[in-house]
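One chain, chain A, appears in both complexes that follow, with chain B as partner in the first and chain C in the second.
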Partner chain A sequence: MSMAAEERSVRVPWALTAPALMLFVGVLLIPLAMTVMLSFHDWGQYKGIEPVFILKNWKEIATDPYYAEMFWRTFRIAILTTLLTALLGAPEAYILNRMSGRWKSFFLLVILGPLLISVVARTLGWALLFGGNNGLVNKLLMTLGAIRSPIPFMFTETGMVVALAHVMMPFMVLSVWAALQRLDPQIENAAMSLGARPLTIIRRIIMPQIMPGVLSGAIIVFSLSASAFATPAIIGGRRLKVAATLAYDEFLNTLNWPLGAAVATLLLVALVLIVVGSNASIERRYAEVFR
Partner chain B sequence: MAYLELDRVSKQFGTTTVVDDFSLAVGKGEFISFLGPSGCGKTTTLQMIAGFLDPTGGMIRLEGKDLTAVHPAKRGLGIVFQSYALFPHMTAAENVAFGLEMRNVSRNERAERVRAALAMVGLAGYEDRHPRRMSGGQQQRVALARALVIKPSVLLLDEPLSNLDAKLREEMQIELRQIQRTIGTTTILVTHDQNEAMSLSDRIVVMSQGKIEQIGTPQETYEKPASTFVSQFLGKTNDFAGTIDRTAAPVRIVAGSWSALAPAGLNGAVTVSIRPERIGFGDAGLNARIVTRIFQGNHWLFQCDSECGPAIVIRQNDGTAQPAEGEAVRLTWRPEDMSVRARAGA
Partner chain C sequence: MRRNGPLALIFHTIFVIVMVAPILVVCLVAFTPEGFLSLPTNGFSLRWFRAIAQYPEFIHAFWVSLGLGALSSFVSLLFAVPAALAIARYRFRGRDALAALFLSPLMIPHVVLGIAFLRFFTSAGLGGSFAALIIAHVIIVFPFALRLTLAAATGMDRTVEMAAVSLGAGGWTLFRRVTLPLILPGVISGWALAFIQSFDDLTMTVFLAAPGTETLPVRMFLYIQDNIDPLVTSVSACVIAVTMTALILLDRFYGLDRVLAGKGDAGR
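Here is the complex of A and B:
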């Protein structure tokens, strides 16, 4: 009887997770595997996709500096976006955490606001403000005589970083906020009673303790920014491509699916390596302190 | 002159008065406890001394100087928090050294004083341990060392032992008292535990609803409680409703079938309160019946049903025969063991 019960207790979890598991396998794992396979296929302008196993696409990516430039730009933008969100998001979360009741919930809503609006609408908002001569802010500043020519924003890396940082900010703030919630509410008083001034308290007591939150927020922001599509597509367009828009173009414009698949696969592998690697090093670094 | 003086201190949050007209003079080296149930304002008072809260009214003076004008970081008080509030990213030694660092104590002297402080609380050899890797009792000791290493003018303890289990708490009480005696730091302890307050302090400030009920030595507050609240809060007590009988000469105090010569200065309805261990069984006195009899090793605990309501009696287990459950007894006590107060609302 106990054997039967044991058998059942093994089967039940599998049975319960089966639907989700099947969905996961069907719409994620299989297409992903097919994409990886696709990256080894051949493609020609006239012959289309040929299901053979060759390294042509990978060789092209490895040797043509055009692709290296794409990937460098992608990661440069992702790193700058991450730095910007950390620099602005951590203080933002700290201030938010110190606010009292009603203001706290109001500003939390303000910070989460971007998540409630479509990323396309948000990015187009930036385009409306800074888009060339017709951008509202540019127009205003030029009318006031503050600037001669419009601030370059569209089709620049700066513009992409700013727009991405705006989109990603909630992830950083929430992540740091979660870390702040774990702080002993008396810890600042304790430091103060020992003679520490406000800035010293932040630097010596608060910062080291919220660092894991900043770092896990950074991992989220970095991976989302490096694989972001909508914002780079709108701000950068065809002129300033990143890995995601490059893969998109290969698939839908050049129709070179195998090459697009190779770009997408490389982006995925690089991101997984970076995220897993940094996560492991963070866990090792803080294991002693934050068990 | 008082070392630390609280002069008519009060604190209001909105329209709620949390601390009301709190006056206390603490002598140098004294160990004072603020004792009361949660919400009685004891922690608020401590936080005002620490500087985390500003009093709404009144003055706090340290050695004659106004303390409220001094920034909390400059008050030089040592504080042990209920949660210990250790810095989890620093080792025990770094935690203890933090206050000295803030005072720009040289590296060598710092190391020496940190070592001595940790040794004093029995944590020699734990310098490089992180707080999360220490037990509750060890964290408590680190917090104490951190507060004491800066040689504070006053040591403030906010329910420091409440997170420890009973046995450890008792050990820490003894240790805390010894350390305090040795270094002679003026200490204020906030606690809701009457045993802790009695075993540690020179004087106890019993508080209720933001007001001081009584200030006195542990013995005074236990033996001569100033109010029903104090007698109920500090240990078990029996409160009997009595009256002063003016028709008798000399005037007598009467509670049921028990009576004695009335103390001077009281009239009408009174409350007679007697500690359970001061009541004996006799031939005359208050009529009662034993409801339950519980053996507790070194003493017997009796719950009785008396003429004046339920009563508790504690008798030392001295080997003599004790009355059985259901037996009728007469409760008696010496007049000097009771305290008599005018009964409220009568």
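Here is the complex of A and C:
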């Protein structure tokens, strides 16, 4: 390559990405930095936001047990949602993968399609199904004899976990599905021909191979659930707050922006640490699968 | 390959029913002839669909959402197409970092983005404006526009371009007459997926929308906060119908499995 061409091949990609880069620096990185700054500002009922550098908001979050309880609730709901999607989504992906062509693509569409349907509409569906103490879900469970007295779903963590698990399920199925595509069906057949029982095959052959898929699905589901807004707001009502709904309240009802910014910054930092940390440990543990 | 046993099929049936139930129940309740929430037991009625016409807020919000989705997806493609071509074709220093930055809106919680944009646009004097909504949506749909364009640009046959160059085409003509037509399916699908993302977003938009610039999800959310009645189910049924239409278009142009598989990887 001549000198001129080499220089051109360095300049061209930067010229092509420059507009997008400027956009991202100008309207993404700067606003994010401003939010972190905002969390150190002071706020008062009458004086509004004061651009000073203090740790007041961070101290309040660190000392007031209300915030500890709220963050603990947020992560508890996210963990339970993740477990539920993994326990149900992984077997479903496996079953789906064993179906014949046409059924496979049909059911894949049915299960993944909701991913693109409005979260408000989907959560509204759960609110209708839960509907007080004699909602459809409770009626069905009581008819089946699974429960004696109705379970309260609306305005409870149980209801939030169920609805969130439904909203997040496609991500888990997709992730396990992707892992299953890399799996060689001949290994399963080999194990069978050597006399392994179905349960042994699942435990010794399938599970270890789809585990990276389950774990990366779990990371996606966890981070999305921990920062979910619509579902906790609609199912949880006004009192049962999680991080996202609390930040919303501070911004649009109490108008204490610095405190809301601190809650949001903490959520962002916690999630980035958890996601990056678990990604790294998964990649270390399953290095040969990712190769 | 072994077939699924009866137990697996029972599990599968229950799973599918649970996945579909909430969406189905919204659509069914929308057709109730009653004045309260109930599954239509005595006849279907379009009463609640006609009732939407009595609420200009919903109609207005629908047009805001439609315009916002169409425009922000288009604008994000103006930025994403050149960026995708650069990332697909050149190996340059900072390439991975740039790609990571462009996909980062997928990793940042939308509630944090909403707060950041609210703070930013309020200090810029654009608080609650439609322009602010457009810019914010361009950012959140950018990864989707970029991904599908990138996939098309990576899979493209370069020999056709080389032939055009050897015949004397270059620069803008080369892009408009050769490259763009070749990546067009990816670009259109990128637009459609970006549109759906914008059309459905609540979490970020709820921070930015003011009366007059409320999008449909925001209007629906605020309505549900006050009370849940059949009206909001008929509005939801319309939203589901719009999304389904976009989904079918996507499937025709690109194949839904490819779109969704791309989306699943995105969160990693």
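Everything that follows uses one rule, which is that the second predicted complex is superposed on the first by the 267 of 291 C-alpha atoms of A that agree within 3 Å, B and C clash if a C-alpha of one lies under 4 Å from a C-alpha of the other, contacts with A are read in each partner's own complex, and residues count from 1 in each chain.
One rule holds in what follows: a residue touches a chain if its C-beta (ideal position, glycine included) is under 8 Å from a C-beta of that chain, and two chains touch if they have at least 3 such contacts.
These figures come from a predicted structure and were not determined experimentally.
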First, second, both or neither for A:Trp257, with chain B first and chain C second: second
First (chain B), second (chain C), both or neither touched by A:Pro19: second
Which superposed partner A:Ser118 touches (first chain B, second chain C, both, neither): second
Chain B versus chain C as contact partner of A:Ile205, first or second or both or neither: first
Contacts of A:Ala127 with chain B and chain C, given as first, second, both or neither: second
Larger contact residue set on chain A - chain B or chain C: C
Chain B versus chain C as contact partner of A:Ile95, first or second or both or neither: second
Doubly contacted chain A residues - partners chain C and chain B: 185, 189, 192
Residue ranges of chain B touching chain A (in the complex, touch as defined): 50-52, 72-79, 81-83, 85-89, 98-99, 102-103, 130, 132-133, 146-147, 150
Residue numbers on chain A that touch chain C, as the complex places them: 9-10, 12-14, 16-17, 19-21, 23-24, 27-28, 30-32, 34-35, 38, 88, 91-92, 95-96, 98-99, 105, 107-129, 131, 136, 163, 166, 169-171, 174-175, 177-178, 185, 188-189, 192, 216, 219-220, 223-224, 226-230, 233-234, 243-244, 247-248, 251-252, 257, 260-261, 264-265, 267-268, 271-272, 275, 279
Chain A to chain B touching residues, read off their complex: 184-187, 189-197, 200, 204-205, 208-209, 288-291
Residues of chain C that touch chain A when the two form their complex: 1-4, 8-9, 11-12, 15-16, 18-26, 29, 37, 78-80, 82-83, 85-87, 89-90, 92, 95, 98, 101-102, 104-105, 107-112, 115-120, 123, 135-136, 138-139, 142, 196, 199-200, 202-203, 206-207, 217, 220-221, 224-225, 228, 232-233, 236, 239-240, 243, 246-247, 256-257, 260-261, 263-265, 267-268
